[in-house]
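Notes follow once the structure below has been shown.
We just call them A, B, C and D in the order they show up, numbering each chain from 1.
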Amino acid sequence: HGDAAYFDAVIQADQKVEPRDWMPDSYRKTLIRQIAQHAHSEIIGMQPEGNWISRAPTLKRKAILLAKVQDEAGHGLYLYAAAETLGVSRDELVDLLLAGRQKYSSIFNYPTLTWADVGAIGWLVDGAAIVNQVPLCRCSYGPYARAMIRICKEESFHQRQGFEILHTLSHGTEAQRAMAQDAIDRWWYPSLAMFGPPDADSTHSEQSMAWKIKRFSNDELRQRFVDMCVQQAGVLGLTLPDPDLRWNEERQAHDYTQPDYDELMRVIKGDGPCNRQRMAHRRRAHDEGTWVREAAAAYAKKRAADV
Amino acid sequence: HGDAAYFDAVIQADQKVEPRDWMPDSYRKTLIRQIAQHAHSEIIGMQPEGNWISRAPTLKRKAILLAKVQDEAGHGLYLYAAAETLGVSRDELVDLLLAGRQKYSSIFNYPTLTWADVGAIGWLVDGAAIVNQVPLCRCSYGPYARAMIRICKEESFHQRQGFEILHTLSHGTEAQRAMAQDAIDRWWYPSLAMFGPPDADSTHSEQSMAWKIKRFSNDELRQRFVDMCVQQAGVLGLTLPDPDLRWNEERQAHDYTQPDYDELMRVIKGDGPCNRQRMAHRRRAHDEGTWVREAAAAYAKKRAADV
Amino acid sequence: MNVDRLLELGDDALIAAQRLAEWHASSPEMEEDVALANIALDQLGAARLLLTYAGEVEGRGRDEDALAFLRDDREFRNCLLVELPNGDFAVTMAKLLFLSAYQLPLYTRLASHEDQRLAAIAGKARKESAYHLDHSAQWTIRLGDGTEESHRRMQDAVDELWPYTHELTAGEVSRAEWLSTVEPVLAEATLTRPADGWAPGGGRAGVHTEHLSYLLAEMQVLHRAHPGARW
Amino acid sequence: MNVDRLLELGDDALIAAQRLAEWHASSPEMEEDVALANIALDQLGAARLLLTYAGEVEGRGRDEDALAFLRDDREFRNCLLVELPNGDFAVTMAKLLFLSAYQLPLYTRLASHEDQRLAAIAGKARKESAYHLDHSAQWTIRLGDGTEESHRRMQDAVDELWPYTHELTAGEVSRAEWLSTVEPVLAEATLTRPADGWAPGGGRAGVHTEHLSYLLAEMQVLHRAHPGARW
């Protein structure tokens, strides 16, 4: 098959597959699933951080956080647009999310309990996202790769802001420092779990690697993240909550305790602390906005008829 | 007419008219209107004070305030029951309130802006209510008179609590003292207006006096209230916001500035700061409770059928 | 009695009272405004006694108000159930049913505790809990076996809150004991007893839902705005 | 420029920003989440400049945060309109329409104020207000001339908020000038312009609605819980 051969050659040559190119059905499906999940994560991810906009401790921090949450909405929009190039509509994807048939990142099913959680999400969660996403900037599917370039740039900005929040707290009052440490204690393992199950248990990985959608294994990325965090935690003057974390001279990497993958599975299945809350919020916003979307459509139709 | 003569004799002799006794239609209507307005005032009056239950500054104050607001609900219930002895149902009266066809005391159309307002309402508003209501304990209509005896007892308890809140604030920090003075400054004239328009403009008074529903004129009661407050304000160490307030040796009473009766008329007509808010709250509570009341009725019907 | 246990009891009662009091002037019936205020006052009364005692046992000079108004949500020890938003009247009644089906046997047991002070508090609270249980059970039955709409709402409420009841039965009150109170009520109410499954927790360790810090922000705002003031 | 006037401007912007930001992750469309955040950021940006300047003019060492987080509601000078609850999307759009139809001519005038600092702030804010006005006018028209339901909701919103607009036009911006912006929008939206009547006020004197102190309790809670901390 000539199309398939061309597709294989593009992949082989590290070139980009573009929307009009032929591609295997399963490649398309894998990408739709992955990009949609990524888009959903941006949209659901607005909630835990948004939870602190109204209570941000200074006006400057309020503005930064509001802009960050706005960026997430923007990322959601780019990503849905990238998914749409694969022949699926945003509305369909949103319906799949609301019906619970597509997932979003499980990390957003944990609550943000204090202001320091905003810092921890920026530093750890956005940090993990970047480690995951930087390789995606070289993903074989053009629109996704290009969206990721833009998103990664903004994410690293967010990650620095998170780091800065924690740095300020850890050099602040006793209570602020305790708040920062507490946040890291709660977010560390869920962040490690963001890289997915260990390679041995990972389902979709091999084919995604072959298609150059994925470039590194879950465990490789997780290791990279741990090594990065250890160094930065030192600068913060805060502790990662893993007594077995230490430099392994031989591996030239840190040994560390794995996250609780059973917990990860429970959260993915729907039993995290906030799954129900996040989905209920999203559904409520969607339902309460129905009359507005209908009105906009009705108005547009009338105006189109006028012309 | 023998019934009318008997009624007149009962009034004349300062005896009580009871539900089964004959009474003039206009006597009945006047009483229904007055008792309903009084009941509505208790129910609407829960809102401005209730506004501070969640934020009361100590647990003891929270308990006292919650109990007070509960008492108001209880007073509403007695008073609706008293009105029902006149052949009107509570549901009808509530519907008239919700339709805006019966009034409640205009004082509750002012906002409670600080904790000190809870004190000021207790001291001034309940104080004015007592001055109004003590004579009603001798009202010619038995059920109303008896309800008022019970209510007055509780109201004077509330008034002492309000006084005590203000006393504590006025002997507290600078900020607390300022809060107390500010509350009195805002509640003084609206409290004076609670006694209604000046006698010269008062519509229903004469007939109510003849029927011994009312015992003193608006201006007499207002004067009594002013004289009482001047003495108590002295004990509080707070100022009544009337530069022209002074003892008149000749009248053996205080001269004082009249409240703004035009404002009173505007508030009665519906244009006070909170009229719309109070009514919207009451209507929302009523509407949102419909399914519960319907369920209770349906259940009661099923059980009755079981018997 | 150790401080943490007293704080758990006291914080349950305090947060329950705060939520119940939110119903003031908003109940479906005037009689219910009175009843909910009563129950809120009972819970608040118990909270005051328990927190006062907790402060004394702790011995760091904190009174009931210091404990209620000057701790943040990470220091509160209440179960998650009581901090959840009120929702509609069905949710409020389901919460109260589940809570009082826990508090009644708990206070009954504590009423014969060797700690006399705690026993006295529990002895009083037990009687109140019996009333709360009766009130909420009656409403659960009325709503469950009322109209189609009320049945649906009551079932939704039970389903939504059920997971949070596991935290109640993780200690002295066994699941079986708690179920022996709740199941007959659900049955009479023609409601389906939800399956056990997800069992969120963390309240006893100070890891709450996102709702609690909002509740505390409102509850504590005035007290905190005037440090050291008397009221 | 006197402090009170700067506080009026700054508080309007700050409270409007706080209310708009409550929409985060709750808008009817994702694009609107972005747009409302944008507008909230504009208002917040203006608030920061205005409050900073107010603090400097006052000369008592208060910066933007001291003014935003350490005043209580009796010290805030914003108009009542901005503190009212968001309500549904129609109410939010009506609020924004009414506010920006006031802010645009006001900032336009202030942009040529002899006070250079204020003129610069107003010059920037003016352009943003033009966008806010356009955005809210477009939505008002779309909703007013959309479906039956949206027309009803939009008319209700306009009716409910109309009284609060009198406070906006009690100063530099005349009623006629304000109406010249708003009336054509309502007409195009097929909405009825409400009659003038009740004209609540008091915001400029610190006599607010009962809503503001709740908004501030939430906004200020963290800042106040850590006196003197840096963030």
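Convention: a residue touches a chain if its C-beta (ideal position, glycine included) is under 8 Å from a C-beta of that chain, and two chains touch if they have at least 3 such contacts.
In this text the structure is predicted, and so the values were computed from the model without any measurement.
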Worksheet entry | Higher-contact pair (C-beta pairs counted), A-D versus B-D | A-D
Practice prompt. Determine the centre-to-centre distance between chain C and chain D, using the mean Cα coordinates as centres, and give it in whole Å.
Written response: 40
Discussion item. Taking the mean of the C-alpha atoms as each chain's centre, how many Å separate chain A from chain D?
Written reply: 34
Worksheet item: chain A to chain C: how many Å between their CA centres?
Response: 37
Worksheet item: Do you know which chain B residues sit against two or more other chains?
Response: 55
Worksheet entry | Contacts with two or more other chains, residues of chain D listed in rising order | 72, 213, 217-218, 221
Item to complete: Report the topology of the inter-chain touch graph, choosing from line, ring, star, complete and other.
Response: other
Worksheet, complete the sentence: Chain pairs that touch, by label, are A-C, A-D, B-C, B-D, C-D
Item to complete: Please give the residue numbers of chain C that touch chain D in the complex, ascending.
Response: 72, 213-214, 217-218, 220-221, 224-225
Worksheet entry | chain A contact footprint on chain C (complex, rising order) | 72-74, 197-198, 200, 202, 207-210, 213, 217
Item to complete: Name, in rising order, each residue of chain A that touches chain C in their complex.
Response: 51, 55, 111-114, 182, 186, 270-271, 273-274, 277
Worksheet item: Where on chain D does chain A make contact in their complex?
Response: 14, 18, 21-22, 24-31, 33-34, 37-38, 40-41, 44-45, 47-48, 51, 64-65, 68-69, 88-89, 141-143, 145-147, 149-150, 153, 218-219, 221-223, 226, 229-231
Worksheet item: What part of chain B is in contact with chain C in the complex they form?
Response: 43, 46-47, 50, 53-63, 66-67, 69-70, 73-74, 76-77, 80, 115, 165, 168-169, 172-173, 175-176, 281-282, 284-285, 288-296, 298-299, 302
